[in-house]
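Chains here go by letter, A, B and C, matching the order in which they are written, and residues are numbered from 1 within each.
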Amino acid sequence: MLRFLLIRFGRAALTVALVVTFAFIVLRLSGDPALIIMSVDAPPEAIAAFRKAWGLDDPIWLQYLHYFTAIGQGELGQSMRDGRPALQLVLERIPATLALTLPALAMKLGIGIPAGIYAALHRDSLIDRAVMVTAVAGFTVPSFVLGLVLVLVFSVQLGWLPSGGQESWRHAILPVLTLGIGGAAVLARFTRSAMLEVLGQPYIRTASAKGVPWARVVRGHALPNAAIPTVTIVGFMVGSLIAGAVVVESVFSWPGVGRLLVVAVANRDLAVVQCILLLVAVTMVSSNLIVDLLYGVMDPRLRSGAKAGAH
Amino acid sequence: MADITASALPAAAAKPAPRPKRRVPPVVWLGLAWLVLIIAVALAADWIQPYRFTAYDLRNRLSPPFHPLHWLGTDELGRDVLSRLIVSVRISLLVAFGATIISAVLGTVMGFLAAHFRGWVEQIVLMLADFQAAMPFLILALSVLAFFGNGLTLFICLMGLYGWERYARIARGLAISAGAQGYAGAVRQIGASPSRVYLRHILPNIASTLIVSMTLTFPEVILLESGLSFLGLGVQPPMTSLGNMVGYGREYLTRAPWIMLAPAATIVMTTLAVSLVGDWLRDKLDPTLR
Amino acid sequence: MTGPMSPETLLALRDVCRSYSMRRGLLGRPTAVHAVDGVSLTVEKGRTLGLVGESGSGKSTTGRLALGLEPPDRGAVLFKGEPLPKDGTQEWRAMRARMQMIYQDPLGALDRRLPILEQVREPLDVHGIGEAKARDEKALALLQSVGLRADQGSRYPHELSGGQRQRAVIARALATGPDLLVCDEPVSALDVSIQAQVVNLLVDLQEELGLGLLFISHDLKVVRQVSHRVAVMYLGRIVEEGEADLLLHAPAHPYTEALVSASPEPGRRARPRIVLQGDPPNPAARPSGCAFHPRCHAARERCKVETPALLPLPDGRLTACHVAHDQANFLTSPLLKAAS
């Protein structure tokens, strides 16, 4: 078990290190940061001072090392636009993003999982078909189209709900719906196929053939086993709490992390982009780590290293 | 006893004999038809667009669909929505096809390298694949765009990084099993060079699985491209793409929803069509894939 | 090698070892499993060496070592007196034209996306033998030489029967005119009725082409049909080796004896069947002394501690068994001679 934990932590740390490396490579490949960050017509002395401050004249491996240590100490640079620390700028936006993604996550779990289980248990029923059709739609309709259609119906035509901004809880309804509908459909489809796979297993048939009541077979055998693959996708959804609303925030002019990212990319505000990239990496990796640990608790077979050692 | 057999026999006879060849379901036909149409439109875009997609018709600005001169209406500058849609289809498909092919080639090569060299090469490929799978691609793509700026070629290459890890995993797994005790090991034992083993034997054998994976990646790339273009960070004006049109049309949502609805519907139809055809292909070619 | 009449040695394995590292359990240290442990054998031109053993005895690994598909950890593999080139090099690939393998599963060994003729032709393409145009002719002739019809060349592997597929594999192996064939359980995946045909084909081809065969099988019936000499492996070592007739009619090692008794020969009086006791051999947990002692009906105290060496008996065969050697010594001892 200890070995299992160490391997997982090692891999998580490695992924974060890879993201840092990725950011460094992209930063260096993109040209001279001094020229990108300073404007082209900046005085040469200012550029020289900048190069010195950033250590741009050092050998590349030393820069890489400095970069790593700087990031390790939480120095993520300053926003070009208003000169404030990038990290602070990003952290300020997180509550707004969570205000959308947390209710949306609740909606995905609250609708998606029960719908998926129900659809699997009542295969080919009306609900099952509805779930499948919605799931296909949830995959094929991009969130910006869904968002705009919702705006068209509920704001433009019916005038019930505001189309953008962040003044009251009513402003959050459409973005949360946009995020939640697609996700719930995907989750329902996933849960359904996980359940169907488990229900087809011999031990389920054995249990019901032995005369165990069907409800108990489902509760005792099918659900726990179907939960294992479902946890993965839920983990991914948890991991994308911060990064998953980029498009929807833009559609609804919601001042969250995603909106900040889009604006920063458009303005080439590199410090902010890099800060969000790292933040997302850390969130993603930690939720993956938690999922892996949950796996270990739920499925003792994986603990015995079969997964860690297998190719 | 007699009636039981008598009643049981016809029932058994009526049952269809070992699964007859399933015909192509109508939805799949519709999907295929749509794809053919959309590809034809993309190829013939220069000839079939009624107007230059950048041409203004200032007398007919924001005219609704079914206008005698502009079947799908015009936008705020009087540009013909149908013409813009046709050109957008071409650009979006170009990006999606280009990216899917780059990603398939890249991933397959990486998978073959991992299978051939094993050892640390394999570890690096697997590590990169894990990394790619763990990070939301949109965020990675946005960071690259922030640093490098944008151009169509760079944009296609960037989209081509999407999903390579799936091909890499498939190619690696199948190549290893083919080499360990299968035909690839036998051909190698004949004295064939690695390029012969991989290109002439393994590649044709795993092609159907790779193609099925391409039908999974393709609609995702379309969605990714249109999402980025919608945000104004993908295909840049004066070039236009489906996502671009939706992004532009959003400004006129109240006054001229058709500007946004036409490209939006095209995106949805196309991804839906590819998914339907892909699902069907998967059942046909490779039932082991999810 | 010893006289003018002795046949030409094609392949010689000299004290070859091959081990794999295996981790047992999550926290277990990697332990070395000796799949092949000090094996020496020779295959001569036009002759067949049968290699017999249970699964896990290391006989397939020995076959792969003999072909240079795996490098030995220790010892040497010599082909016509020369060591084999390193795996994957240009010379190694060129060497494939002279030594070939026949597989247990012909369907797995054939590419199911290519017609048979193309696959039989492939070695000619790979090694650039003959004019490109003449290769199809040559491949057709090969098909006929293994008893396939010309029209079967355009079929795909799954359209042929198991025996036909194995014939195709044999045709492909023969395309470059090799000197040595390693057959790894070539008929055990086939129907019993087909086995004899394929075995006879191999024997005929050997006679015609003067091939040296290393014939690996767990099935004594088949080995008896093809082999001139037989070597018996147990847990990575050869425990007995000698002329096929001698060894299979009068086994000296108790293990060989048990194998022979399990596979009665038609037309002979069945000897009492010896049923092996104890666990099947596990290469990861090799018993001390003679590895066979836990299952041996004749085992003595000495067998548990002292590993017997593979030494010649008076009749010429090699046996690694304390008991057999003691008996032989007793029979040839001066004491006994004096008494008679």
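Throughout what follows, contacts are C-beta pairs under 8 Å (C-beta built on N, C-alpha and C of every residue); 3 or more make two chains touch, one makes a residue touch a chain.
All values reported here derive from a predicted model rather than from experimental measurement.
Asker: State the smallest step count from subunit B to subunit C, taking one step as a move to a touching chain.
Answerer: 1
Asker: Comparing chain centres built from Cα atoms against the global Cα centre, which chain wins on proximity?
Answerer: Central chain is B.
Asker: Just the number, please: Cα centre separation of subunit B and subunit C in whole Å.
Answerer: The mean C-alpha positions of subunit B and subunit C differ by 51 Å.
Asker: Quick one: subunit A and subunit C, Cα centre-to-centre, how many Å?
Answerer: Distance between chain centres, rounded to whole Å: 57 Å.
Asker: Where the CA atoms of subunit A average out and where those of subunit B average out, how many Å apart are those spots?
Answerer: About 22 Å, centre to centre.
Asker: If we count contacts the way the header does, which residues on subunit B are in touch with subunit A in the complex?
Answerer: Interface residues on subunit B, with respect to subunit A: 127-128, 130-131, 134-136, 138-140, 142-149, 176, 219, 223, 226-227, 230-233, 243, 246-247, 250, 253-254, 257, 260, 264, 267-268, 271-272, 275, 290.
Asker: Touching residues of subunit B toward subunit C in the complex: what are they?
Answerer: Interface residues on the subunit B side: 181-183, 185-187, 189-193, 196, 201, 204-205.
Asker: Would you mind writing out the residues of subunit A in touch with subunit B in their complex?
Answerer: Where subunit A meets subunit B, its residues are 11, 14-15, 18-19, 22-23, 26-27, 29-30, 36, 136, 139-145, 148-149, 151-152, 156, 163, 193, 240, 243-244, 246-247, 250-251, 261-262, 264-266, 268-270, 273-274, 276-277, 280-281, 284-285, 288, 311.
Asker: Looking at the complex, which residues from subunit C come into contact with subunit B?
Answerer: Where subunit C meets subunit B, its residues are 67, 69, 93-97, 100-101, 103, 105, 108-114, 122-123, 126-127, 169, 172, 176.
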